[in-house]
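There are two complexes below, and they share subunit A, which is joined by subunit B in the first and by subunit C in the second.
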Partner chain A sequence: MQHWPWFVGGAALAGVCVFHWLTLRRMLAVSGRFTAMINRARFGPEKQVEMTAEELRAAMLAATREAFGPDAAPDAPPTSTKPEAKAGPTLTKQQSAGMHLLFLVALLCGGLVSAFLAGGPSFSGGLRGELFNGFFGGKASSAAVLLFGGVLVGFGTRMAAGCTSGHGLCGVSRFQVGSLLATMAFFGTGVLTSLLLRWLL
Partner chain B sequence: MRERVGVAVTGVVFGFSLSRIGFSSWDEVHRMFTFADLRLLFTFMSAVVFLTLAWIAIARLTGATWAPRNLHPGTLAGGALFGIGWALSGACPSIAMVQLGEGQLGAGLTLIGIVAGNWLYSVVHERWFRWSAASCVDA
Partner chain C sequence: MADETCPHMQGCEMYEIFTFSETLAVWKTRYCQGDFKRCERFQRSARGQPVPVNLLPNGHVLEKP
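Entry: the complex of A and B
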């Protein structure tokens, strides 16, 4: 299959992120979807609380006083008395686990469509590629590498609270310091690991 | 309905694009990381540039603002671990699904690993770490 030239690929990735934001009002972030699904599996569905800004403020005030004593929070009215002030990020409702699953299945379908239009799909037990199969020839060794690599990907992306899409694309493009650091970290260790593989195997 | 269509359409187009770009090929990713072929690197960097321009335009036109991404002690360490995993498995979280769709069934193991690793971190975090680990899905 002929791969797209870089500018076509770059425009496609950017277009997907923008479309995602325009339709869903949230940034594309795939590892976050895994995280949300696992939270759902571990803790059950999240409570969706619908309240106005004023109710939220009253609830937070009560909780603060409960934790730190009755003198902890001043009784003063909120600084902004404008109803539903327009500025600031809006609280978006959490997506359901079914929606996260739908996204992952849609990704799979995207790969399937791509393979289908290229005359496939053809099935292979491991991964395709001369380099991969040259490095990890045996079934057992390639399976071990994929499983171990996958664990590192899951562990690391949850620890960094983002992956290539959330940090690399949508974070860096908004000049977020944390995203820039995370991207430099994963790209740096990716380069080191790949050079080490080429040197060792 | 709008949400469902948005999720499904972005998922399919994203998966298709990743496949056509070659991000789902272990060999291509390896050549990116060893700088043997700069195409994927240019793809990624040009996407970031296009996106920066798009966010600026969207902010101007709609007045939208975005919550900042949080920076915490796990950002660097987690990123570093993820990079090692990406170079070994050839997959970031979305790529495992795309590879499965292409018939590269070994990605099933990567997927199991990703779920296990994510789960493992959530347990480890609760036990030993104190910072808030809010995910990017909230942003």
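Entry: the complex of A and C
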């Protein structure tokens, strides 16, 4: 299997993030979508709120004055009908569970397409490498270790409020300090684990 | 007041809104980059509860004017 050159993979990931923002006006966040699906199943659908940029600006100014006093938000809500006055963030409908599911399925399909382009996927029950399987006592226990690792990743992702896509791709590219620290933790732990396994095996 | 930034800023819809206007920066300095543990959005997120998109850090729910 021939892996893509790192710069092609990097450019593709950046392209996906930009495309996601341009089409949906949302930051790419894989674990965020997964969390949204779980929350919908646990707590039911959220109340839909939609506001245009002007409505949102007026509501925010009113709420800011209420919270911090009239001096905190001295600007009057814009009454201009010029296009630039309408620019700004909006509150849009929350995406449906179907959209979240479609995204996650597309994620898997993207991985498969990439694997086929690189010479075809290879499926295995555990981590490829007899040493790894042998160290953990066979394919089944090695798969259980990987599953446990996946649970830990999920736990850490919730603790850090984001995963490698939200923090690593979107947060770091926007120079968010929390995202930089989170990404350093992700990759630092990955490198340490890899070195530890290499030393153990 | 905590002198840290909110670890949940990434992906927070309200933070996106606060960064768009200097007038709204007071929310950012008081909560996102200040005492974020008082933020209702952070508290709900930390408890694993869904965070309504129109919920403000002080617990006020933003409605259409």
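Observations, loosely collected:
Here, the second predicted complex is superposed on the first by the 134 of 201 C-alpha atoms of A that agree within 3 Å, B and C clash if a C-alpha of one lies under 4 Å from a C-alpha of the other, contacts with A are read in each partner's own complex, and residues count from 1 in each chain.
Going forward, a contact is a pair of C-beta atoms (placed from the backbone, for glycine too) under 8 Å apart; a residue touches a chain by one contact, two chains touch by 3 or more.
Just so it is clear, the model here is predicted, and its values are computed rather than measured.
Contacts of A:R33 after superposition on the shared chain: subunit B is touched, whereas subunit C is not. By the touch criterion stated above, A:A12 is placed in contact with subunit B alone, subunit C being left untouched. Once chain A of one complex is fitted onto chain A of the other, the partner contacts of A:E55 are limited to subunit C, with no touch recorded for subunit B. In the superposition on chain A, contact is made by A:A63 with subunit C only, not with subunit B. Looking at the shared chain after the overlay, A:S179 reaches both subunit B and subunit C. Residue contacts after overlaying the shared chain place A:A72 against subunit C, while subunit B stays out of touching range.
Residue contacts after overlaying the shared chain place A:L201 against neither subunit B nor subunit C. When the shared chain is aligned, subunit B comes close enough to touch A:G154, but subunit C does not. Between subunit B and subunit C, the partner in contact with more residues of subunit A is B. Overlaid on A, the two complexes show subunit B and subunit C touching the same residues of subunit A, namely 27, 29, 32, 36, 39, 88-89, 94, 158, 160-162, 166-167, 170-171, 176-179, 182. Contacts from subunit C toward subunit A in the complex involve residues 5-11, 13, 16-17, 20-21, 23-24, 26-27, 30, 45, 48-50, 52-54, 56, 58, 60, 62-65. If you check the complex, the residues on subunit A that touch subunit B are 1, 3-7, 9-21, 23-24, 26-36, 38-39, 42, 86-89, 94-95, 99, 102-115, 120-132, 142-143, 145-179, 181-195, 197-198. Listed in rising order, the residues of subunit A touching subunit C in the complex are 27, 29, 32, 36, 39-40, 43, 46-47, 49, 51, 55-64, 66-68, 72-75, 88-89, 91, 94, 158, 160-162, 166-167, 170-171, 176-179, 182. Interface of subunit B with subunit A (complex): residues 2-22, 24-28, 30-31, 33-35, 39-40, 42-52, 54-55, 58, 63, 65-72, 74-94, 96-107, 109-122, 125, 133-139.
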